[in-house]
């Protein structure tokens, strides 16, 4: 736990953090809003006393009532991992600015998150599905997507359908509406 | 009649085939003998003696065709085994002794596979391209001098024939690649065209120096000129030419490190991607026939063709010993020959088996006998081979020719087991920037040397 | 890269040529068996539970669920009556009923597995004492058990497991790996199983007697 | 009307996916749906002289089932579009539906070449969630087996590299080396490939005699054999010429592309999780972080050579582990059923291919609420699109192999 980093983050991003800076083991966690995300990330990446240059991971989370996007960052200035959680994405139309301007390598991670959660990263140039086939309609890692044999967990106690389609309005940002005939 | 029908009913299927055939042979045999002896034989002989070159050509072509397939089999087996050994593997070891029949069985498998052609392929070209490839590589065998007087055609423009026919292979590869309707095939075919055409030039130029030196384009005469001691081999007079020829012929035969036409990690199998069954077999055989061909050509041009590296007669002459010939008329032995034939194998087998039975190993009697019999056969073949080698010049020639050619085949296989392949631009750059100037240099130096030597 | 151009190529060819003559790494299966560590668990075996019945209920759920149909069940059923095989539901409906019966706790006669009956464990105890109940000497224990009983009875294996603390599955895995260990009594001519058990018991008794007297068996 | 129409009513020439006899013009219409994004539209439009070449999913050198659509102009690659997902198994979803012990076997086949590392990261994350301290002996065993597996993975990399360039011999030498290591690991873990060995709070089995004797035998000649084997390629002019200057990654690009592992170190950035964010007992061990290509970035040859340097460092670590191995238990005391209190944990290890991370969220039940697996190959694979433009088809293989992707990890 790096107390210094906590202090630095609190003073630097005062008023922009949603909730307190949390620390556990070797991780420091901040919650930010989607509107401030790019600005905060730029600051984290560029400023000399932060210098979080390496994007270790980008993960989407479906908490059940909202969506989150989690970034893990590494910097040589601190022994901690920094976890940035972009909070409060509505489930029916989750949108968040893309970080491909800062880290072009985030492109595929954002594609994966879009594929699994339907979170739309505004500004990502190539936001298509990456794992699932192009004519696939649902988002498998969402919490309302039940596995076929996961009978015990489903509300009715019976087997649900494999795919509960939960397509947000305009699932893909720049899309020409697809009319693919599936054989 | 009942007896006949009953015994017919009792016969096995094989019997039902064999017995009528035997009867047929019994009846037709005498008739055929008489017919051939009195009418057909003389007619054929007459026809043949009237058209001797054509007959010679046909015989040679048949021989070459029959010869090329086993050669390909041997080289395939050799490649599997040698590369396996170099990779610390065992290689094929299930079919035949030490897996020796593996390539034959693989050939049979290829024969029995479905002959498939893609929907959009150009059927005609697709079918005939492998045949063209195979034929052009086999046709070059015609002028190879396997031994003294053991040559299909003593063409006086042999070298020219060689390169003109050899250059046709690329047409087959290009056709195969184009007609397959596959992008990998197309790329492979185009690569083949670019590569083979590029390397044809240094290949030919490297031999021009040799031709200047030898004063002939007859491959057989080239062989004759290199007889005697191994210092007469052209490799010692044309070392640069030999090196260029060697490198360019690797590319000609599409072997590693220049096997870009079928680079499996890039373009799957190149022009052969869509082929299956015996059509693929043709392409496959053609590749290995080509390997043998370029090895044989290196041997012929630069490494003394069929000539032994040591001139035994010269050594013997130096010590004032008459040339050895084993002239031995078996007929003079008379009845002793018969007895020897009857008794000698038995005695020799027993004699060779004895050390294994009584010796340290203490093998059981049957094992000792089997070992003895095998040893006896080996000894017998060895003795017979030695007699044949000394008495019959072409056997000596063919032995040395194949030894040398297969040594080069081994080198090809060895290189395949060691090297990664080059990139296409490096390949082309090497041909045009290094090999071609080197070949031209070789040519000029040779020409200048000839002029200088003649003017002295 | 070396300073002389082409030297690296020549050296590479030298290396492959030396490899050409070196001993080969291939294991010529099945003539040769690979040298597998005792802990290796890559071998699939159906195990018996603590009551001596097959742990597999033959419910075919695994075969049914396997997406690529790589699980195939076959063999003689636990009654030794007919071949069970994965197939349409009517072929395994009967098996499912039988499984249900077994699960309910009622005894199901398993005539094919009489050799799971209790055996005289005296001889085994002697062997285990000699090895100080040490699971690291498992192979020796198993070999001596087989020498005493003629084979490895399931009850003996379970006893070994209980006293040495080694898992039954591990003992079973070890035993099933070695070819010279067997789970079935050898098809000895004329000696019925009961007789064999008798012989084994006698042998065990004499062994124990020898041990008690300290003569170690060399007198007989 | 006719019988054939009756049998195949959907078959018509309008459908771009179906090519009828002689309709060669339909050849270029991939993919069979309208473009979804700007980039896709740009990629799937051809200019004069260009054509698409589908490399994969069945292709001899794509390391699994990767499909790369190449847009080529003759032998030159104009652009390329990797298409993933042929090996997607939804492991993250499976992990969210299985309990904590179960997950270890679920994640095993992700990166199947070095599967101990795929266990290590989740296990570390769960240990953080549970506040468990792992016994020192267990940590040492983890490091020992992990570094062994790193050696085997890098050995295999060398062979693949050569095979993708057309060399036949090195792959088998690599496999002999790897086979010795996996047999060794089988003696301790019980499996050759998907070990399922690490446990939450320790490891499954202690070191045993079989393992130690095999290891001692191997260690006595490992370095020498390694040097011999790499001599076949390192000094080979053909190999060096094909690798040098191809696929150059500089420091800035490596950081921007979020690349990790040997690929970023070959670009001159000394980022290794073992030193950058020490975990397990790595702070106690003495080893270097080899870095190459410090000026102007590193090419494929640097990436290749760097892995060979790492093998030497790993052998050093193995040696130290054997010397410093403490006595003690190999498992922490844990309840049978794990219910960590709600929270988030992130753990990363340095796998042979880079940072292998796991982000686990617990909601207090016996199954994780969310489990994200970060695979280094996935990120490294992105570089291919950047590096391959205006190179030759043959270089695609060299660059892809030098990045060392494993499709099992990429596709999850």
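Observations
Labels A, B, C and D are assigned to the chains in the order they are written; within every chain, residues are numbered from 1.
The rule we apply is simple: a contact is a pair of C-beta atoms (placed from the backbone, for glycine too) under 8 Å apart; a residue touches a chain by one contact, two chains touch by 3 or more.
This structure is a prediction, so every number in the text was calculated from the model and none was measured.
For chain pairs B-C and A-D, the one joined by more C-beta pairs in contact is A-D.
Ranking all chains by how far their C-alpha centres lie from the centre of subunit C, first place goes to B. Chain nearest the geometric middle of the protein is D, using mean C-alpha positions. Spacing of subunit B relative to subunit C, judged by their CA centroids, is 54 angstrom.
For the pair subunit A and subunit D, the distance between mean C-alpha positions equals 23 Å. Here the CA centre of subunit A is 51 Å from the CA centre of subunit C.
Centroid to centroid, with C-alpha atoms defining each point, subunit B and subunit D lie 46 Å apart.
The set of subunit B residues that touch two or more partner chains comprises 86-89, 417-419. Listed for subunit C are residues 9, 12, 15-16, 19, 25, each touching two or more other chains.
Those residues of subunit A in touch with two or more other chains do not exist in this structure. If you check each pair of chains against the touch rule, the ones that pass are A-D, B-C, B-D, C-D. Listing the residues of subunit B that touch subunit C in their complex gives 82, 85-90, 93, 414-415, 417-419. Interface residues of subunit D, counted against subunit B in their complex, comprise 19, 21-22, 24, 51, 53-54, 59-61, 75, 162-169, 172-173, 176, 232-233, 236, 238-239, 241-242, 392-397. Chain contact summary for the complex, subunit D toward subunit A: residues 10, 31-40, 84-85, 88, 90, 92-93, 96-97, 128, 255-260, 271, 276-277, 343-346, 348, 355, 357, 359, 361, 370, 372, 374, 378-379, 381-382, 411-412. Looking at the complex, you find that subunit C touches subunit B at residues 9, 12-13, 15-17, 19-22, 24-26, 28.
Residues of subunit D touching subunit C in their complex: 169, 173, 176, 179, 183, 186-192, 205, 208, 210-211, 228, 231-233, 235-238, 240.
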